[in-house]
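Take a look at the structure set out below.
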Amino acid sequence: MATVDLLFAALFNAAVLFLVTAGLQLIFGVQRIVNLTAGSLYAFGAYFGASVFEWFSAQGGPAVLLLPVLIVAGLLAGQVGFLVERVLRTVYGREEAFQLLMTFAFVLMFQDVLRYVWGAQPRLLADLPSVYGMIAIGAFTFPAYNAAVIACALLVAGLLWWLIDRTPLGHIIRATAENRQMAEALGANTRRINMLVFMLGSMLGTVGGALVIPTTAASLEMPIALIVETFAVVVIGGLGSIRGAFLGALIVGLLRALSLSYFPEMEVMSIYLVVVFVLVLRPYGLFGKAAA
Amino acid sequence: MKNAIAFALILSGLAAAPSVLGMYYTTLIIPIIAYSIALLGLNLLFGYGGLLSFGHAMFMAVGAYASAVLGTKLGVRSFEVQLLVAMLASGTIAALIGLLCLRYATIFFSMLTLAFGMIFHSFLFKFYDLTGGESGISVARPSLFGMNFTSISKTAFLVGPFYWYVLGVFLAMFAIMAVIVSSPFGLALKAARDNERKTAFLGVGVFRVRYVAFVLSAVYCAVGGAILAVSIGAADPEQSFWTQSGNMIFIIILGGLGQLFGPIVGSLSFTLLQDALMANTQYWRFAMGAALALIIIFAPRGILGLITGLFERKR
Amino acid sequence: MEMLLRAFGITKTYGAFTALSDISFDVSKGEVVAVVGPNGAGKTTLVSTLSGLYRPDSGDVIFEGRSVLGLGPAALALRGLARSFQLVTVYPTFTVEDMIAVGAFARAGETFRLWKPACLYKAERDEVREIAAAFGLSHRLSTPCSALSQGEKKLVDIASALTLRPRLMLLDEPTSGISSADKHRIMETLLDAARRCGVESLVLVEHDMDLISRYATRVIGLKAGQIVADMRPDAFFRDPEVIDTLVGKVPHHALG
Amino acid sequence: MLSVEGVSVDIAGAPILHGVGLEVKEGEIVCLVGRNGAGKTTLLRTLMGQLKPRTGEIRWRGALISGRSPHHIARRGIGFSPEESEVFASLTVAQNIAFGTWTRPTARPAAERIALAYEVFPKLKTYMQRGGAELSGGERKMVSIARALALDPDLLLLDEPFEGLSPAIIPTIAAGITSIRAAGKAVLMAESNVQHIPEYVSRIHVIERGEIVFRGSLEAARSDPGVRGVVSGLA
Amino acid sequence: QNTPLKIGIIAPRAGTAAYIGENGLRSAEWTAKKINEAGGIAGRKIELVVEEETNAKETLERARRLVLQEKVDCIQGGYSTGVTLPMAPTLEDMQVLTIFWDGTTQDGVKETMPSPKYVFKSTDNECEAVMASLIAAKHLKGQFKRIAAISPDYTYGRNVWTAFKALNKKFGIDAEVVSEQWSSFSQLDFTSNVAALKAAKPDLIYCVLGNADLPIFMRAATSAGLTDTARMVLVQAGHQHGQLKKPFTPVGTLLCYNTMYFAKPNPSAAQKEFVDYYMDRFKDYPHWECERAYFAMNLYKAGVEKVVAAKGGSWPKPEEVAQAMEGITFESFGGPAAMRKDHIAEEVFYGGFGTHDNPYDVSTLQTPYSYSASVLQKPPGADFWGWLETATFPV
């Protein structure tokens, strides 16, 4: 039973990680930009989700609508990606170092924006996971909300994979990433595509943030703390690969849960050690491809 | 020739600083020089070698901790010894992880260095018996050339003997770097940045060239870190956090990537900018971020690029 | 004749696809070997295998009596085997002089001299000038490579490899993209400079029959990963069957 | 169909094209001949909208297209195969070729357009599933041209279409281009290699140092001393 | 002299510690306003110059700026030991009166300056943990057999957990350690930890979380049913008591509030006024850093006024004020507070068991227990671990 508990915790953990990482991967996979703002967007989604739901409750909205309200809030919050992309656009033609740095500039700015808007106190929604009650299987129970988040992550994973790997739009997106000029000369509106992808990636981050707010707290350390963990997932799975994000999140989630119960001392370091281990064996990550 | 004049100008400016600027700004110059030294190294790797490391704060921290452990825990006060050990320790660590990281040149290199940087960061946290955990270790005042300077206050020590000492170290390190980047090695490093495959077919062992640059950059960072630790009076784990590495890159870009004077110009402007912003607004991070964004967009070659651009236009 | 390079039993596959199957030939001193064949025949793959970039699945390449397998491009280049690529490769941020100097320093074993500025190496600088002069690039020494025309880039690309003083050079389509007006001049410059730099043999991939008939001493025809012809140019051009399988109808000069 | 008037283009501050004028009519095959660095690629990239002319006008079926973005120009029916092929490495050959059918729907069904592209380069059928990065130089060229064809354009811009192609395949392509012309489409190709200029071109333009120095038929070109100079490298 | 007194405040504003810094800053501003309204310090108004506490390097530069550029008369603030550690010797060296709000972990203080002249430290950070142990020993003895811990992996967490086990042994409590969880800093998801804890079946969980991670952990623990089977000891509840909402803070949880308990029955007039102001203005419950800032400001005031009263006339030198501050006792928010001769503060700590019987949306204390730091803190010069073994505690 203990292991079932642990396994479920690991899955939930992985689901949350996946949601954030997927946005990062999408943007990297398509635009070859390592989006350091992924953590900031996640935090933004979390704060925004908390505020929107508080407002919704204050208007007398029923608590059962928690999930849909948060998803809508996350989608709305993702619109900030529009702004970021407008600025980022100015460096599309330049080396990847500059694009990385531009997102670093946004990380700096976001820290203060979050503090200016929401203050220093962490935000959390009290007792909301219990809105959906517990699922009981035999002797062991777990919050239904967490299960819903896991389901959302799975859904997103499937949709993304389908979009990128199976639809013409996905192919156009990939071609644009590789050679913007040529894609353009073949009729692809690359401005729109870049914007679309960046917004989509941002929304994945903000929706992820909004979805987990009932189980976590929005706080100022969120952006910086999360990005490192996200990178671990990305590096293990392979940059730019949605499948990689999926597997990487699973590995990190499981690893964390396991090391917590068997060698708690090594919890943080074990993740990085696995990162290094994977990179030594499979330099581009489990599903990564060498940059063209 | 132009370089020599610029260098003479900067050097005389730095030499005049203690008597012209107040105490406060003089104390600020020590971290500026410390960063300049470290970034001379990172610039070799990133600017000339095209390898963007997101973990070099680690090597500065190695320098800082070497100085702290030696001075405070082992009672070795000689700063020369501390610097030497710092360089050796950092060089050794770089030599080890370089073997792994340098198999890749692009973004994967960045990710790997980031991972190693964070491993080191959590190492500093975990092994608190050795490293003092999250509070770090305080750094005792070192002796310089065997002289102890215990009779003067810490500030007087910093703006006095230590200042001149550090300036001397900077002078030496700068001169060495100036030669390195103009040597056949510097040429090969840049060649590998521009086209790795072609360079290999020109008989250059690309991996080895990059490896040497990586180790050198770590050594430079360690020297900078050790100096910084003395001016702070402590080595703390935050110095190795990834955002610090981000700041280091920020400074190089600010100054001018791949240009010999980039580091000094960058750290000077960065420190003064941050100082002015922090004194004036609590939202200085936003302002720094905005400044960085503006520089990236409008001055891709950094402040140096702006300056030389002005000169060129005049002519 | 002294043998410089011997390849035997070379097979190279990409996944399930066999790009070269059981290729054997050798190159002797003084030869200019043209490799011809339809697109996708395996010419670039062959050059890459000979130059140590790819490892063949089976077979071996012997250069100057020793196997090149596993040696890696850099070591091979220093031992006297140089190559150029199908697409021109120049360092956009370098001046022509610096670009050519890279190989000169590598050959002199000075890549790891960190303590002496490059401008102080007189012997190497002279050599760079000499090679640049051989390619007619003397007036371009301080021009950034990015500002060169396509033809000049090709020359700089090849000149830089010649600083290694290779005994054998592999050239992958050295004249592709060069206007017909300049082709012969470039080819002549190239051969002349190569001879002056001590290159003993050349292997070049070429589609231009005009150039082959003029400059090659031997033609190797490659098709679907196999050698289908290996003969002197006069014999080659007189053999309608070979011409037909490898080249098709030789086009004539529309403006001629 | 396409008319270019007085187009001058600068790259990085340096003037490259000077008042270039040119016209391509329906069903024509026009060849732009010139030595390396003459400005052929620059002109084609300008037509495609990748470079903005400093002065001059480019009209397509009467509408001004200079200054429009490349995707706009492509969607109006101008297909482009660049000098360096620029095949997408992350897509398969089949996906590369199908690209234009996704971005530009036309009256012709997508399957038909793709089939036409393979008709010109039947060899490509054998490696439809191969990735773009796994092709030889000549194969890339073929994919690049086939891809432009599948856009179902009314005008094809081909930059050095025969570069790196084996002479063995040139007749096939020539036949392909003839069939394109038969379908009422026009072709504007840039060539630096006179051996590659096909017999069937309608007109040639000789470009030298950014200026058109000759316009006319092949026959006229043959007897023009200026052209002969450019061709033989004496100009 | 009619120029205002300049007091430099150094407080974190971003990241994990931002909330704590915000509490301190708000209180410092309020206290300065109050003092100014009442005529200032020995007739001189106070002017605050605020600088942000970030990492050691930058904070030290900010402190130097306060001294060398702003020429402040006194520096107050400081939260993290990593920062106060290098700051103390520098400021001592520059002869600037410095009163730290916080930043006094054992390992940190051990090595800095045995006898400072200008620098005044806060109470040992471990006090609240010692209090937690005392309350547990007194009220819960016999009720727990299997203990588990969860803490961020840092010195403070390891120290207080070790202290808890040591004190248990000392008081004859024989409990088995069934799980130790070391989370990373600012960990935002605790489902794995909760699962691991649940698997270990503890009946008491010693929790040293204190930032946003505390409420997150508590909510996860409650929803997983962990709090039904184990009693929670929240050593740093005072960090986040405003977020310890009733639904996930069961009655009976042991809550430690550090040096200020906002809902204290019969509060001092100053505390009442401040708490009312704070809750009204910021819609939040003030925490201990408010008390620390209030204490620091008033300590300085008392020191200055003591010398001025004794000397009359000329404005006192820093060393005179420093000397006067040694041994001063006065009423802070939480009760009588003092500055020991060895420059370590002595204040009152609050803790107790949680109740939901209050008008707030958060848990408060059923019966607040208060302990003076004179009981919880090692005496001058002693070693913390040695003292733990030999001292007698009021259990």
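Read from first to last, the chains carry the letters A, B, C, D and E; within each, the first residue is number 1.
Definition applied: a residue touches a chain if its C-beta (ideal position, glycine included) is under 8 Å from a C-beta of that chain, and two chains touch if they have at least 3 such contacts.
Worth saying up front: this structure is predicted, and the values here are computed from it rather than measured.
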For chain A and chain D, chains touching each: none
Chain B reached from chain A - shortest hop count over touching chains: 1
Most distant chain from chain A, judged by the mean position of its C-alpha atoms: C
Most widely separated chain from chain D, with each centre as the mean of CA atoms: E
Intercentroid distance (Cα basis), chain E paired with chain C, Å: 75
Gap in Å, rounded to a whole number, between the CA centres of chain E and chain A: 35
Gap in Å, rounded to a whole number, between the CA centres of chain C and chain A: 49
Sites on chain B at which at least two other chains make contact: 122, 125-126, 284-285
Two or more partner chains touched - positions in chain A: 111-112, 115, 224, 265, 268
Touching two or more other chains - residue numbers and ranges from chain E: 13-14, 153, 184-185
Those chain pairs that satisfy the touch definition: A-B, A-D, A-E, B-C, B-E, C-D
Complex contact set, residues of chain B against chain A: 46, 52, 100, 103-104, 106-108, 110-112, 114-116, 118-119, 122-123, 125-126, 242-243, 246, 249-250, 253, 257, 283-286, 288-290, 292-293, 296-297, 300
Complex contacts: residues of chain B adjacent to chain E: 22-24, 27-28, 31, 72, 122, 125-126, 128, 132-136, 138-139, 153-155, 228, 231-234, 236-239, 244, 274-275, 278-279, 282, 284-285
Sites on chain B touched by chain C in the complex: 179-180, 182-188, 190-191, 194-195, 197-206, 208-209, 212
Complex contact set, residues of chain A against chain B: 32, 34, 36, 87, 90-91, 94, 96-98, 100-102, 104-113, 115-116, 224, 227-228, 231-232, 234-235, 239, 265, 268-269, 272-273, 275-276, 279-280, 283-284, 291
Of all residues in chain D, those that touch chain A in their complex: 48-50, 69-71, 74-75, 80, 82, 86, 88-91, 95, 98-100, 102-104, 133, 147-148, 151
